[in-house]
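One chain, chain A, links the two complexes that follow: it is found with chain B in the first and with chain C in the second.
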Partner chain A sequence: MAILITKRLLMMLLTMFAVSLILFLLLEIDVDTIAIKVLGQFSTEEQRYLWLERNGYYEPVYKRYIIWLGNFITGDFGTSTIYKIPVAEVLWPRLWNTTILAFWVFVFLVPVSLVLGILSGMREGSKLDRTISVVSILTTSVPEFASTVFFSGLFVFSLQWLPGTSSMFEGFDWKQLVLPVLVLLVYDFGYVTRMTRASMAEVMTTHYVRTAVLKGLPYKRVILKHALRNALIAPFTVLMLQINWLLSGVIVVEFFYAYKGFGALLLEAALRQDIYMIEACTMVAVFVVVMTQVFSDIAYTLLNPRIRFS
Partner chain B sequence: MAEQSNEVVLNIQNLDISYYTRAGEIPAVVDFSLEVKRGETIGLVGESGCGKSTVAMAIMQYMGHNGAVKSGTIEFKGRDLTKLSEEELRQIRGKEISMIYQEPFSALNPSMRIDQQLMEVPLAHEQIDVKEAHERARQILTDVNIPDPDRVLASYPHQLSGGQQQRVVIAMGLLSNPDLLLLDEPTTALDVTVEAGIVKLIANISKKFGTSQIYISHNLGLILETCDRVFVMYSGEVVEEGRIKPLFKSPRHPYTHGLFGCIALPTADKTAAPLTPIRGQLPLPHERPKGCNFAPRCDHFAAGVCDQDDIHMEDVADDVDGKHRVRCLRWTEIEQIRAEADQSKEAAGIGHEVLKVIDMQKYYSMHDRSLKAVMSGTSVKLVKANEKIDFEAHESETLAIVGESGCGKSTLAKVLLGLETATGGEIFLNGEAIHDVSVQSRSNSQLASMQMVFQNPSDTLNPSHTVGQQIGRAITKFGVEHNRHKVRDMVMSLLDIVKLPRDFYYRRPRQLSGGQKQRIGIARAFAGQPSMIIADEPVSALDVSVAAAITELLMDLQRERKMTLLFISHDLSIVRYLSDRILVMYLGQVMEQGLTREVFQPPYHPYTEALLSAVPIADPEVSKREIVLEGNLPSVLNPPKGCPFETRCPRKVGKICEEDRPPVQSDSENHHIACHIPLDELRQVEPVIEVPDAAVA
Partner chain C sequence: MSEATLNTATEAKNPVSGLRRIIMMIGLMRESPAGMVGAFLVSFWVLVAIFAPLISPFEPNATLVPFMKPGAVNPDGGTFWLGTDHIGRDILSRIIWGSRTVLFYAPLATFCAYVLGIVMGLVAGYYRGWIDDVLSRIGDMILSFPVLVLYIIIISTVGASGLNIVIAIVFASGPGIMRIVRGLVLDLRNRDYVAAAQTRGESAWRIMLVEILPNARGPLIVDACLRMGYVIINIGVLGFLGLGLPPPDPDWGGMINETRQMALIFPHMTVIPCIAISTLILGFNLLADGMRDISLRD
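And then the complex of A and B:
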C-alpha cells in the first residue's frame, strides 16, 4: 500500500513536470510575443527590449525554465496583465468560489445519482428503471446554455424567486448560488445515474448475487452488502472525473451567471491573452486532475480487494 | 449413499417450465416428475440444453423474470414451493434447501471476506449472535476438511485455490444443515485429483447429516460414484429413470445407450471397440419434433409410431431395486434388435520418428515488485514451466500429455509451436531443429507441418469472417495454393473431410454449434497437410456425444493421413482410449512415460496411481482402488526442492524425496518412472482399475 501511494505520487510529480515543460515551451519560448502580450501591441521595440532585459528574458532557456519553475513552486505566478496585481491574489479567491460551487453540486449529485442509478439497475427493465432512464437521458441531453436560459426564464423572470446574476458583490448569498448549482446538477446527474445503473445491472446478474439470494438473505441485505460495493467501483471513477469537469468545464454556467469562479477566469484570461494567468490556471487544473486520479487509484484498491492483495 | 427413510422430502409432479421470450413461449422442461426421499442422492444427467439446471432453479424458485412454472407442483416437505410468497421462499432458501454451484469463484462475492459470507447464513435464518455465527462458520470449514480454517475465514475468495473455494461453497450450503442440497456440476471446473476429494467429501456429508441431494452432472462416471438413483434427461424431458446399477447395466432408452457408446470406458478401444457417437444434433427447444424428441437421431425410429403423440413414461421394472421407467414406445422391441455390430477399425502402423525433444527446458522469469522482495534481492524468480522434457513422437502415433492445471503441458505446446522458444535443450521436427526458431521466423512448410487444435473453438474463430474465408486464408498463408478457385476447391474438400456440409462455406461462426466450430478448427489445422497436430484439450469443452464424434474424427483423420497427434488432456479415460503412448507431467516435469498399456498397469508412479484412481468410470462392473490426494498443487513459483510430487505423495519415502530429484528408472525400453521408490517395490502395487474379464470379452 505504501509503495502504491509513493509510486502514484511520484507519477503525479512526473506528470506535473512534463506538463510544465510543455507549457513553458509553448508559451515562453518566443520572448517577443511575451513582451507584446505584457506591454500591449502599441509598445515600441525599445520598450519591449528594455522590459525583456530587465526581467531576465535573455538568459539561456534552461536557466529561465528553472527560475520559472522555482517561482511556480513557491506560488509566485507573476503579475496579471488584466488586473495589474499578482496572479495569485486573483486566482485563489476565484478557485475558492468554484470550490464552493462544486461542493454544493457534489452534495446533491452524489446521493441523487447513486440512489437513482442503483434503484434503476436493481430491477432492470422495471417501470421504475424505465422512468429514471428516460428522465436522466432527457436532462443530460439538454445542454447547459439551453437550461440556463430556461431556468432563468422560469425562476428569475416568471416566478421572480431568485436573482438572475450570481456575482455576489455584497458578500456570500446562498440565493445566488441556487441557479448555477441547479443547472450543473440537472445537466450532470443523468450521466452519473446511467453509469451507476449500468454497473449495478451488471452486478445484479452475477453469480454471487444469485448465491446471496439463494442463501436466503433478505433482499435489502443482498443489495446493500453484496451488490452495492461491487457496483460502486465504476461510478466512483466517473464521479472523480466529474471533479475535473466541475473545475474547468463550468465556463458556460459561470459566465452566464457572472459567477466569479475559476472557469470564468480561465475564459477571461484566454480571451485577453493574460499569459501568466493562463499558465497559472493550467497548472492548477492539471494539479487537480492528477490529484483526483491519485485519490481514485487509492480508493479503488480499498473498494476492490483483488487489487489490494494481488 | 446414506441411510434412507421413507419420508419424502421433495415431490415434483408433472412439472412444465417455460421461458417467455419475444419469440413466444419456449418450453424448457416438460412433464418432469421426481421424488426424493430423506438421505437419498438423485442424479440428473444429460447434455447441455437438456433442462437439468432449469429443474434446479425451479426448485429454488429462481428462474429470472422470463421463466415460470407453467403447470405441475413442487412439494417440499408438504408445501408447494410454486405457491409461496417471496418471504416464505427466503426462509426456505439457504436454510432448508441450499445449492452448490459449478464455478465456485464466481459464486463467491469477490469483495467480501469468507467469514462474512459464511456467517450471514445463520445470522439471516436463526436467532444467534455474531460470535456464535463465527464459531459455526469455523466449525463447518473444519467439517469440509479445510486444514487451516482461521486463515481461510480471514481471506478473500481470490486468495484461495479452486478446490478450497469449492469447499467454502459447500460449507456455505451446509451451514444451516439443510434437508435438500442441490449440486449443479460441483466439480466440473476442478482438476481431477481435487475433484476426487470433493466427491468423497460430498458423499461423506450425505452420510453424516442425512441430507438428500440432487446431483446434476454431465459426467456419467461421477453420477455412478455418487448417486442412488439417476434421471437421464434429453431435450427437456426425462427419458429414463431408475436405480443406478440396473440402469447402468442395462439401459433401455436409445439415448441412454447412445450416451454410454460415447464415453471412453476402460472396455472401449480405438480399433477393436471404437466410440459410437450419436448422429445429428440436439433439437432447439422450439423446433422439437412431434412425438419422441430423440426420434431424428434414433437408430430404432419407426415412422408412424415414434412421431405421433406425446410419449409417456413406461415401467420397465418395479421391484426391490425400485422403479425403472423409460420414455420409449419400442423399448421391448429394441432389446431384441440390438445385436452388437462389429465396428472394429483397422489399426494404423506406427512409422518413422517425426518429433524429437531432448532435455527441453522452458523457464520464465517473474518480477516481484513489492518492497520486501526488492530489498531482499529476490525480485526476479525463475518459474520452471518445463524441466528436462525428453520424448519422441512417430508417424501415425498418438502421444498423450496428461496432467492437471499448472503442470506445464500448455507451455510445452507453446514451445513446440514456436510461440515461445526453449530456454534449453533441443527439439527436432522432421529432422529440423526448431527449439530456437520462433513462429515468426519459421518457414511455411515448418508452420504447415505442425498445427494446433484448440480447447475452446468459439474463441479461436474470427466471428466476422465466414468459414470459407478462414480456412481459405490458412491455405494461402501456408503457401499451399494461391489460385482462388483451387483454394475454394480445397476448402470444400476439407469440409468433406471433417464431415460438414459444403454450404457451411458461407456461414459465420455464430451460426454453428460448438461441435461444428471444433470441426472447422480441425479443418483449418489440416489446411497445410500437417505431419503433426497438437490438440490441447480439444473435446473438454464439448458435450459427451459431440466429444465422441470429434474424437472419432481425429482418429479417422489420423488413420487416413498418418499424422502424429499430440493430445493434451487431463482426462485419463479419453487418453487411455486414443493414445499409444502417454507422458504424465506434474509441475513441469515428466513423472512417468510409456506405452498406454504400461502406464495403466503397475509399476505406477505414485502420481499416476492417484490420477488413475481419480477418474470416474461409468461402468458398475469396474472396480477401483481409492486414493485421495491431500492438499493442493504447490505453486510453480515455489516448487519443492526434491521430487515435485513430494508434498502430496501418499507413498513418500522420507527425507530423500524432499531433498533429491528422483532418478529416472526404466521398466522397459519405453516405460520410464521418475521416483525414489525402487521399481521392484512399485511392481508390488495392485492395479488401480480392475476390469472383470467378462466385460473385456
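And then the complex of A and C:
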C-alpha cells in the first residue's frame, strides 16, 4: 500500500513538472511578447528593455525556468497584470468561491446519481430503467451554456424566483448559488447515473447475487447487503474523476452568472493575456485533477479487496 | 500481384458491402427506438446543412430589420419565421447556415483526432515496451488538464480560427482515443489470426491496419458518435465564451454569446440556437446509445 501511494505521488510530481515545463515554454519563451503583455501595447521599446533587464529575462532559459519554478513552489506566482496585485491574493479567494460551488454540486450529485443509477441497474430493461436512461441522455445532451439560458428563462424571467446573476456583491446569498449549482448538477448527473447503472447491472448478473436470490433472501437484503458493496466501487472512481469535468463546467457557469470564482478568473486571464495569472490558474487546475486521480486510485485499491490483496 | 488477387478474393467472399450494409444497419436500428430518434435528428441536421442554400429564406449575414419577433413579416417581402437578431439578421437563415459550420468542423476535428489516436494507440498497443510508456505518459499528461482549460489556453495563445479550433480539439482528444485503441489492441494482438499474419511475414503496419483495426471497429464507432457530441459541445462552448470562429459567419455558440445579454427581453435570439445545438448533440448521443444496444445484442 505504501509503495503504491509513493509511486502514485511520484508520478504526480513528474506530471506536474512536465506540465509546468510546457506551460513555461508556451508562455514565457518569447521575452518580447511578455514585455508587451505586461507593460501594454503602448510601452516604448526602451521601457520594455529596462523592465526585462530588471526582472532577469535576459538570463538563459533554463536558469529562468528554475527560478520561476522555485518561486512557484513557494507560492510566489508573480503580479497580475489585470489586478495589479499579487496573483495569489486574487487566486485563493476565487478558488474558495469555486470550492463552495463545487461542494454544493457534489452534495446533490452523489445521492441523486447513485440512487437513480442503482434503481435503473437493479432491474435492467424495466420501465423505470428506460425512463431514467432516456432522461439522463437528454440532460447530458444539453450543454451547460444552453441550460443556463433555459433555466434563466424559466426561473429568472418567467417565474421571477431567482436572481439572474451570482456576483454576490452584497455578501453571500444562497439564492444566487441555486442556478449555478442546478446547471452543473443537471449536466453532470446523467453520466454518473449511467456509470452506476452499468456497474449495478453487471453485479446483478453475478453468481453470488443469483445465489442470494435463489436461497430465498428478501430482495431488499440482496440489494443492500450483497449487490451494493461491489456495485459502488466503479461509481466512486467516476465521481472522483467528475471533478475534472466540473472544472470545465465551472468556467461556463461562472462566466454566465458572473460568479466570482476560479473558472471565470482563468477565462478572464486567458482573454486578457495575464500570463502570470494563466500560469497559476492552470497549475492549480492540473494539481486538482492529478490529486483527484491519485485519490481515486488509492481509494479504488482500498475498496476493492481483489486488488488490495494481490 | 498476390496482393491484388487477395483483395478481389476478399471482395468476392464478402458481397454484403456498401449500400446493402447501410440498409442492414438501418434494419437493425429499428429495434432500438432511441437509436432511431438519434438517427432521425442527425440526418435532419445533415440534410439541413446540405440544402442550406435552397431552404434558407435570407442571406445569413444580411442585416435586414433588427429585433423582430418570430413570425414577423419583412417589409421587403418574406417572413422572419424565427425572428431577427440585434443587428437584423434572420435567425432561421443563420441557424440553417450555422449547421454547416458545426457539421463541417465537428466531424473534421473528430476524424483528425481519430487518425492521431488510432495511430498512437496501434503503435503503443502493438509494440509495447518503451514506445508504449512514452506515448502513454504523454497522453496522461494531456488528460490531466481539464478539457476546457486546455482549449482556452491553446486558443487564447494561438488565436481563434477554424483551423486552430480543430488543432486544439485533435490535441485534446487524441490521447483519450489512444487509450481506448490501445486497450483494444492489447486484447486483439494475442489472437490467432494476428499470429497467423505474423507467420505469413506481413509487415507490422499491415497487421495493425488490416488485421487488428477492423476488429476493433465496434467500440470505436460507438465512441466516435459520443465524442462527436462532446466536440459539438466544445465548439459551442468556445463560441459561447467568445473564443469561437471569428464573426460574422454564423456559428451557433457565437450566436448565443452575442445575444445572451438581451436574453431576458428577446429570448428567441438565444433560445433558438440553444435548441438547435442541443438537438444535434442529443441526436449523436441517442445514436451512440442505439448502436451500443445493437452491438451488445450480437
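We adopt the following convention: the second predicted complex is superposed on the first by the 307 of 310 C-alpha atoms of A that agree within 3 Å, B and C clash if a C-alpha of one lies under 4 Å from a C-alpha of the other, contacts with A are read in each partner's own complex, and residues count from 1 in each chain.
Here is the rule we go by: a contact is a pair of C-beta atoms (placed from the backbone, for glycine too) under 8 Å apart; a residue touches a chain by one contact, two chains touch by 3 or more.
Because the structure is a prediction, the values reported are computed rather than measured.
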item: Partner contacting more residues of chain A (chain B vs chain C); value: C
item: Touching partner for A:I73 - first (chain B), second (chain C), both, neither; value: neither
item: Which of chain B and chain C A:R229 touches, first, second, both or neither; value: first
item: Touched partner set for A:V252, first chain B, second chain C, both or neither; value: second
item: Touched partner set for A:L302, first chain B, second chain C, both or neither; value: neither
item: Contacts of A:G125 with chain B and chain C, given as first, second, both or neither; value: first
item: Partner chain(s) touched by A:L217 [first = chain B, second = chain C, both, neither]; value: first
item: First (chain B), second (chain C), both or neither touched by A:A18; value: second
item: Chain A residues within the chain B interface of the complex; value: 2-3, 125, 206-208, 210-219, 221, 225-226, 229-230, 303-306, 309
item: Of chain B, residues touching chain A in the complex; value: 60, 62, 65, 86, 90-95, 98-99, 101, 103, 106-112, 116, 120-121, 124-125, 156, 158-159, 169, 172, 369-371
item: Chain C to chain A touching residues, read off their complex; value: 34, 140-141, 144-149, 152-153, 156-157, 229, 233, 236-237, 240-243, 253, 256, 260, 263-264, 267, 270-271, 274-275, 277-278, 281-282, 285-286, 289
item: Residues on chain A engaged by chain C in the complex (per definition of touch); value: 15, 18-19, 22, 26-27, 133-134, 137-138, 140-146, 149-150, 152-153, 156-157, 164, 244-245, 247-249, 251-252, 255-256, 266-267, 270-271, 273, 278, 281-282, 285-286, 289-290, 293
